[in-house]
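What follows is subunit A paired twice: with subunit B in the first complex and subunit C in the second.
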Partner chain A sequence: MIDQETIGLLMKGVNAVSWQSLVMIGVSFVLFYLAIAKDYEPLLLLPIGAGCLLANLPLSPLVADDGMLQSLYNMGVGNEMFPLLIFIGIGALTDFGPLLENPKFVLLGAAGQFGIFLTLLLALLLGFTQNEAASIGIIGAIDGPTSIYVSGILAPHMLGPITVAAYSYMSLVPIILPPVIRFLTTKEERLIRMPYSSRKISRRTRIIFPIVVIAMVGTLVPFATPLIGMLMLGNLMKESGVVERLTKASSNEIANAVTLFLGLAIGSTMVGEDFLKSSTLFILILGLLAFALDGCAGVIFAKILNWISGGKVNPIIGAAGISAFPMAARVCQRVAQEEDFENFLLMHAMGANAAGQVASVVAGGVLLALMGAGG
Partner chain B sequence: MRRYTLNISDREFVVDVQEIDADNFEVVVGGETYQVSLSNDENLSGAVITPGLAPSATASAAAQAHKMAAPRPAAPAAAASAPAARKPAGGGKGAQTAPMPGVVIEVNVKAGDVVTRGQQVAVLDAMKMHNVIGAAQAGTVAEVYVDAGQSVDHGTPLLKFKEE
Partner chain C sequence: MDNIGWGLQMTVLGMGLVFALLALLWLLLTLVLKLDKEPEVEVTAQEATVEAERIAAIADAAVGAQTPEPPTVKGMPADLVAAILVATHRHRQTMRRQAAPLVRSVWPGSQLFASRWLATGRARQNNNWQPRGR
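Up next, the complex of A and B:
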């Protein structure tokens, strides 16, 4: 017996297709394309694309109340746990040695966060609310987990576009930073050689460093405690060398599993009605601007340092003051070597880059404090 | 195949030994392949190693390489010049040294090769980044001191150019 009602039940899925969901499925294809064909952060963009596709299929049970994607979101994105778990892995992979050898580069890391605040102001002018503006600015940190953490607290409804922007711009670091550097520096400046200074950092210093940073940052910027705490926990495990299994698990297995969960959950927030707004476009553009401004601020500050030091600092390394560890430092090394194949400033750039990593976390905490989050 | 990493006079050598049959081996040292046949095999455990044992060619090369960290134009080095000679030379004539600590991934030249300035001679992995090391000068490579897989410190000699 096939009557109207039966057909209606069978065709429920087809009937529930909306133009928004079709566009979003198209967006997921773009993410797949970027991840697979363009190799842009595939570890994140592929699961995000999958989450987006699965969430936008008509009547998707995955995003129902107890659906898997919704459960993943509640488990680790809504309460900020996933980005924090990722941070343990980042800490376990970050070598703060080059920063400890050249502590003055901490200034470059700080300078590399100016773009965040400039973009925040711009977003306010464009009519975003304070919380939204802060979440857009944090894209400039070019640090996925920090962006997710901050926007998850301040503007959860913008989590999707902000995450996509933060991660896809991370893979644009090699494309965007070199022109920024070349635009702001002269050839003579780029030719400044920065010889490797072999100062050995003792194991004791390396172990004390993460503990001191946790205590200091945690006291000064309490909102940054979760992020810096997990980052430095990972680093402490690495440097202490006594929990190699935990270090390996955090930087490999746990980070990998959480990346998959995080990507899927973030992708599932990208549903038509929330994503297809003009504000998404603004978020993407402003995020890119925040990123470029961060790079500019870093380079300009490095120029000032160079001027003060009497020509000993190559301004290129300022661009490493943005986060995106360690890619930004590698890009700086490549730009320097294009000018002079014998110039190896990688270690200095790594120092500035590690500082940028810490500074972007602190900037995230400062933003949360400014917005009075949680209070 | 067995890979031996030996430390001789503070220099690290990677030796790959491939067993062809019981007494014949193919040994790769520093990119050079040698056919080695084993004529005698004695267990000398308990024997006293005396200085009379002639060091192998590689070992003496190592000792030499160790001293070659800085070029010394005059053969009898005056005692006064010794402290100055300890500083690693950056380019110029003589040895080319590693610009930063890392692991040598590739060595692209061998002794006798003629290179132009800037030509890729090695790839150094530092902070997980592959860095191309360009020849510090144009000329003929006299000797290569490092092998792929070897970790180097800042200032470790990589190769030496013939003085012309």
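Up next, the complex of A and C:
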């Protein structure tokens, strides 16, 4: 006969269900919906959703000390290895040619990082600690691996919401940027056509570029060395052309495997008791604000450049000075063509966008340096 | 209030450093490009856009770049390209109707094309009203 103890054991899972875990399971369904139905960053949001679901099931052995999700976290998130491995893949897929053709656009990338520091200020006003505020601010880098890397060092307890905010908002770039651009620019400014001149970038320059960036940034901001080092390593492999197998592996197999592990590990940090706090809501709101502020700062800086150059810079490209490569550039091109179908800004916007990618990593390193952390 | 002061300090220092570092990078890149001595040539905006699209297509594979973007053909929204194609086809059909009788099945200039006079003559020969043999 089945005794009371056996029934108790059979019902152990059901008895351990809490309202927090139910809400988090609901959150995982939202992530699934965004990934599958809306196609928002499916590569990351689907594994994050799965990690969140698996971690919040009652008595989940996967998040026990020796559970698989906990092991993945220790293996690559706790020691920052996964975001760095992803950076090698990103470097291997990024062509910095548009930036090399127009090096002055590197400044637009710098302007696009204002959101980080303005959001940091807002987070401080809301009562977050300095480390937490810096971690929330880094969402404004609009760069998933940088956000994970910096927040993993400064505020590991906030890694879940920060990662979710960073990646899901990245998908919202086409929705966030156009109203910001339209609000800050006049129709005349949006109609400005920028002249094109193409400079053939030699293989030698393409190889020198990552080496110069690593040497310069690594020397001046040692805290940024892991981030910039891996990004530029991937790019050096691509441009050298001598390690095609490694380049392909970094941008495909390694990146795919690491993305799966990273998503699951991040999702496993979204446990109800830690996630369902008012601070999570603030993080999500501040993250959204950081994105918009980046776009605003970029456009305003581009307006200044336009004024200095005597009307030769279309301020729209300022919004591309963020890290979301190449979608921010495409959004700028689309906004420009809404006003004038024959206005082609894509190459200029790509230059600013590539600069934003380098600048976001530099900003992450600067933030860590100022906080006296990392390295 | 101390925290806000610290935050302002961080903002000024942080953005100052980011700008200084990237300005230095700009300088270094300009120097490298000067040493490279590759000539600068004028290209059309369309040519530059096609090249930019090629670069963007490669970067699209990166994690964090999967955005639900509407499909494009050489920078133009795919539905617009489809609309242009349909409009062009309709225009071609209209031109053809206006330029020749509806029965014409080949475009003027084709070796199969026959003028109205020639077509009428052939029709008369083929459909003679007089009985055969007279």
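Basically, the second predicted complex is superposed on the first by the 373 of 375 C-alpha atoms of A that agree within 3 Å, B and C clash if a C-alpha of one lies under 4 Å from a C-alpha of the other, contacts with A are read in each partner's own complex, and residues count from 1 in each chain.
One rule holds in what follows: contacts are C-beta pairs under 8 Å (C-beta built on N, C-alpha and C of every residue); 3 or more make two chains touch, one makes a residue touch a chain.
No experiment lies behind these values; they were computed from the predicted model shown.
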Checklist entry - Does the subunit A-based superposition show subunit B and subunit C clashing or fitting? => result clash
Checklist entry - By residue count, is subunit A touched more by subunit B or by subunit C? => result C
Checklist entry - Is A:P103 touching the first partner subunit B, the second partner subunit C, both, or neither of them? => result second
Item to check | Partner chain(s) touched by A:I86 [first = subunit B, second = subunit C, both, neither] | outcome: second
Next on the checklist: If we overlay the two complexes on their shared chain A, which of subunit B and subunit C does A:K312 touch? Say first, second, both or neither.
Outcome noted: neither
Item to check | Touched partner set for A:K12, first subunit B, second subunit C, both or neither | outcome: neither
Checklist entry - Is A:L370 touching the first partner subunit B, the second partner subunit C, both, or neither of them? => result second
Next on the checklist: Looking at A:R203 after the superposition, I want to know if it touches subunit B, subunit C, both of them or none. Which is it: first, second, both, neither?
Outcome noted: neither
Checklist entry - Of the stretches 21-29, 39-47 or 93-101, which one in subunit C hits subunit B? => result 39-47
Checklist entry - Of all the subunit A residues, which ones make contact with subunit B and with subunit C? => result 95, 98, 195-196, 198, 326, 329-330, 333, 337, 342, 344, 346-347, 350
Checklist entry - So in the complex, which bits of subunit B are touching subunit A? => result 90-91, 99-101, 118, 126-129, 131-132, 134, 136, 153-155
Checklist entry - Which of the residues in subunit C end up touching subunit A in this complex? => result 3-4, 6-8, 10-11, 13-15, 17-19, 21-26, 28-30, 32-33, 36, 38-49, 51-53, 55-56, 58-69, 72, 75-76
Item to check | For the subunit A and subunit C complex, residues of the former touching the latter | outcome: 38-44, 86, 89-90, 93-95, 97-100, 103-104, 106-107, 109-110, 113-114, 116-118, 120-121, 124-125, 130, 133-134, 143-145, 167, 170-171, 173-174, 193, 195-202, 204-205, 208-209, 212-213, 216-217, 220-221, 251-252, 255, 259, 324-327, 329-330, 333, 337, 342-344, 346-347, 349-350, 355, 358-359, 362-363, 366-367, 369-370
Item to check | Residues of subunit A touching subunit B in the complex | outcome: 95, 98, 195-196, 198, 326, 329-330, 333, 337, 341-342, 344, 346-347, 350
